[in-house]
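Just passing along the structure, written as structure tokens.
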Amino acid sequence: MCRWAAYIGAPIFLEDIISRPAHSLIVQARDASECKTAINADGFGVAWYAHRPEPGLYRDVLPAWSDHNLRALAEQVKSSLFLAHVRASTGTATSRNNCHPFTHGRWSFMHNGQIGGFERFRKRADMLIPDALYDQRRGATDSEALFLLAVAEGLEDDPKGALERAAGQLHDLSVGYGTTPHLRLTCALSDGDRLYALRYASDDFAPSLYHRWSASRNGRAVVSEPLETGEADWVPVAPGTFMTFEEDQARSEPFVPVTSSAGMDCTGTAPLKVMVR
Amino acid sequence: MCRWAAYIGAPIFLEDIISRPAHSLIVQARDASECKTAINADGFGVAWYAHRPEPGLYRDVLPAWSDHNLRALAEQVKSSLFLAHVRASTGTATSRNNCHPFTHGRWSFMHNGQIGGFERFRKRADMLIPDALYDQRRGATDSEALFLLAVAEGLEDDPKGALERAAGQLHDLSVGYGTTPHLRLTCALSDGDRLYALRYASDDFAPSLYHRWSASRNGRAVVSEPLETGEADWVPVAPGTFMTFEEDQARSEPFVPVTSSAGMDCTGTAPLKVMVR
Amino acid sequence: MCRWAAYIGAPIFLEDIISRPAHSLIVQARDASECKTAINADGFGVAWYAHRPEPGLYRDVLPAWSDHNLRALAEQVKSSLFLAHVRASTGTATSRNNCHPFTHGRWSFMHNGQIGGFERFRKRADMLIPDALYDQRRGATDSEALFLLAVAEGLEDDPKGALERAAGQLHDLSVGYGTTPHLRLTCALSDGDRLYALRYASDDFAPSLYHRWSASRNGRAVVSEPLETGEADWVPVAPGTFMTFEEDQARSEPFVPVTSSAGMDCTGTAPLKVMVR
Amino acid sequence: MCRWAAYIGAPIFLEDIISRPAHSLIVQARDASECKTAINADGFGVAWYAHRPEPGLYRDVLPAWSDHNLRALAEQVKSSLFLAHVRASTGTATSRNNCHPFTHGRWSFMHNGQIGGFERFRKRADMLIPDALYDQRRGATDSEALFLLAVAEGLEDDPKGALERAAGQLHDLSVGYGTTPHLRLTCALSDGDRLYALRYASDDFAPSLYHRWSASRNGRAVVSEPLETGEADWVPVAPGTFMTFEEDQARSEPFVPVTSSAGMDCTGTAPLKVMVR
């Protein structure tokens, strides 16, 4: 499990999300509240949009709280759209290539959750990544695989559909070769214009996801956990939801991974319930 | 605050202290029990004696739990005397030079505790380090300063006295220029033949210190926290004590920092009580 | 291109190969002589056999010359069989997972060379790695792929044959999807008992490989470049050779990658010449 | 010895200096031309001015050419004033705290050169740093000491004078306790408004320094080595010169370290010649 926070709106310093709030992402690296692992110290990363269509990317393997470079970057870089992540490894090595966010062209992506038994079927997941994208498979995480599968499934034109298909593929592999829980996901992603987020689980325990519009700041934070404890207006996102954030708008749609019926036969009714939601 | 563990006895793999016990040092890096900071993830280090009079030294800035090199070293290296440490920075940067243990010739040293207000009088502490030793002042921690001052005060011939004088110098600086609590120390040190440890505080809150002889292993662990929860025979060390461990023997002496009377005037009776113990 | 050095014989300190000789491996990291890239500063690693059947493994991303941990390890660790490597990346990221040696059970492996156009067919190479071994595919290098393919091809029982088959598979992929030169290899590998090395190229430019028995030391060094300039008795290994070193013996056999005839059709006579050697 | 490059003018991406030119700073990290050490791989750093009076600071210990974070930063960050540095250690550890630039409030500073025998009188240099600045003495380099001494000597109001006094202090220490050559300096520094640079040596071998105004870019590069080989209009700076760059203006003044006559007595006439220049 990990923690993440994203932002879209009028340009702010990264530190306004990453380090200044009372329950900032860096605080969550030490002391997450709504997470199985309170410590998220196996690296961190931030992708930000500024002067180019492609995002900048800064990732390192230290705990986020002790990296002076991150502090300086957060103080200096202004952005109207960025994604930031602190990692708690579920087994894969602590290396920059395994840190989120991941990027591809204009897209950035980060993830918190698990794909049950991924280590048992990682090769099969890798095989699903098209040849043309395979040079971008740099690490070994389930998250990077999910992202590249979504790119292959048409992320550019249909982010929700692409992720439903990609998540479905991994769900099916987990049903066929892995373990329960098959899928627990919260993701944030962006093409530099819109910010997308989704929350889903094949069981009843989807990782937490909130967002909040700040009129004073003229922007929206989308987060694993609220950044301040006193603020009442953090909106929880329901499981099985795909969110699109653009300017001050937040649009909600159902998120239903496209799983094979063979997969459904194996898993019985639990994921099926989610699918007909 | 930090956590540490040391060993003297028949040769064992480092992992028998560092990673295999139920409450091993690596577990304590994530989840220390008797410590203000449960997380000790700002680097780690190990000094071990094997084929040479001088110890080997491996230190890095990652959390101890995620370093594959440490795991391999702990599995492969056998030693009859070693010191291992996981760090929680109280402000100084996470860098290898600030990680414990520190070494000088045949000596190794590690520390858990605080010297009140050290950042205010670091220059004065540095100035007490003799010219001839100053090239070994590589980082900025109070712990490295304490060690080098002890070397200067005759660690080679009189470890207890040298540390009483060095700790007294820093105590006086804390009284003159720093804050309370002036001194809280647990240290372990070795010349490759004996293992020494001390516990002291200028107030009532000395960091914890235990040791335990294992007849089956024919060796002794000296630790911040017991390495197993079910073992009844961990011996707590009383505050104000300097321990000398050699072969299967454990010898206890009072540890009384040599402070100046000027220092005592400033602080009143609290440290004085300790001194006349 | 990279540089490496290995040793088998009476136990010596790692430093006797890594850092003490006039043209030691660390010197070669800065200033290699027989190599296209004089600088080999994209990480390093050492695998050594000591108290267990499995080797220890220490790898990091700094230049070898500036890593104090490596220096301490080299001074302290004694071994009768070890492999050491300094890396010059040909494109893949500088990360610990991409540093040599690689290990699997009792085996260790390191490589210097190139597999032409590997980045174009990395997915196909990965797909050849059996499911059961795929969890050990941690990085993205051609070298790790070659090693895991050799493990799959029966390294345990037939090191030469396994490497001939594995190298042949990659040669065929390079012929089908990559570029010339298809294969240039020098590898060292060990199971903890014997040290093996091979030199091969599908063209006329096999990377250099030497070995030398030291009677005074009672051991043998096997290296990319001689460790001293004044020593006349470094034995160059001919291209297309597989060496087995055991105790003071050195045995030489032809090394001929098992390529498919389709592969040979594509490449014409150049690799064929090597094969019938 | 190290290499550095700085820029003042219309905002450009950092990469326009750091990585895109044919003889960019990253190329110089591997293959410097006018430098005793062609390899400058012991860390790097960049300080840039953007949205705040204080500079951002990114430093790391990898060779500059292999750091993906630096590449991303260089592609994304625009600045009208920045300093960038690649380091070749002359002995001090490779650590972030020893990497240039150094910063203090609005000021940033970087250096290439040597202060003869510094390791012998580092303590005396540290003692000259005022108490109030000592908490910013984080590493052990001569360069950081020079910078903090200049801050103490009034860098804010009189950059040239402050550096003449600070360099003079270190010169005197080198004369009294160190070795020849006593001082060889090229420095760049900035308060966010102006860019300053200086070139000086107490012997005939001052490190190289050039600058060049680009009309098309509307900005000026100030560098250890020209960034392109074909450009004729790189202006070499004479030894003993302090340059002030503001907007498109370049102003030149003599730079004469303020040394004590005692110092001059010891060294004889060589530094004196420089002083009356």
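Letters A, B, C and D name the chains as they come in the text, with residue numbers starting at 1 for each one.
The working rule: contacts are C-beta pairs under 8 Å (C-beta built on N, C-alpha and C of every residue); 3 or more make two chains touch, one makes a residue touch a chain.
Keep in mind the model is a prediction, meaning the values are calculated, not measured.
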With over half of the numbers shared counting as same, classify the chain B/chain C interface as same or different. same
Mean-CA-position distance for chain D and chain B (Å): 39
What parts of chain B, by residue number, touch at least two of the other chains? 68, 93, 96
What topology does the chain contact graph adopt: line, ring, star, complete, or other? complete
Touching chain C in the complex, chain A uses residues 93, 95-97, 119, 122-124, 126-127, 129, 131, 134-135, 137-138, 140
Touching residues on chain D, where the partner in the complex is chain A: 13, 48, 50-52, 54-60, 68-69, 72-73, 75-78, 96
Please name which positions on chain B make contact with chain A in the complex. 30, 39, 41-42, 61-63, 66-68, 89, 93-94
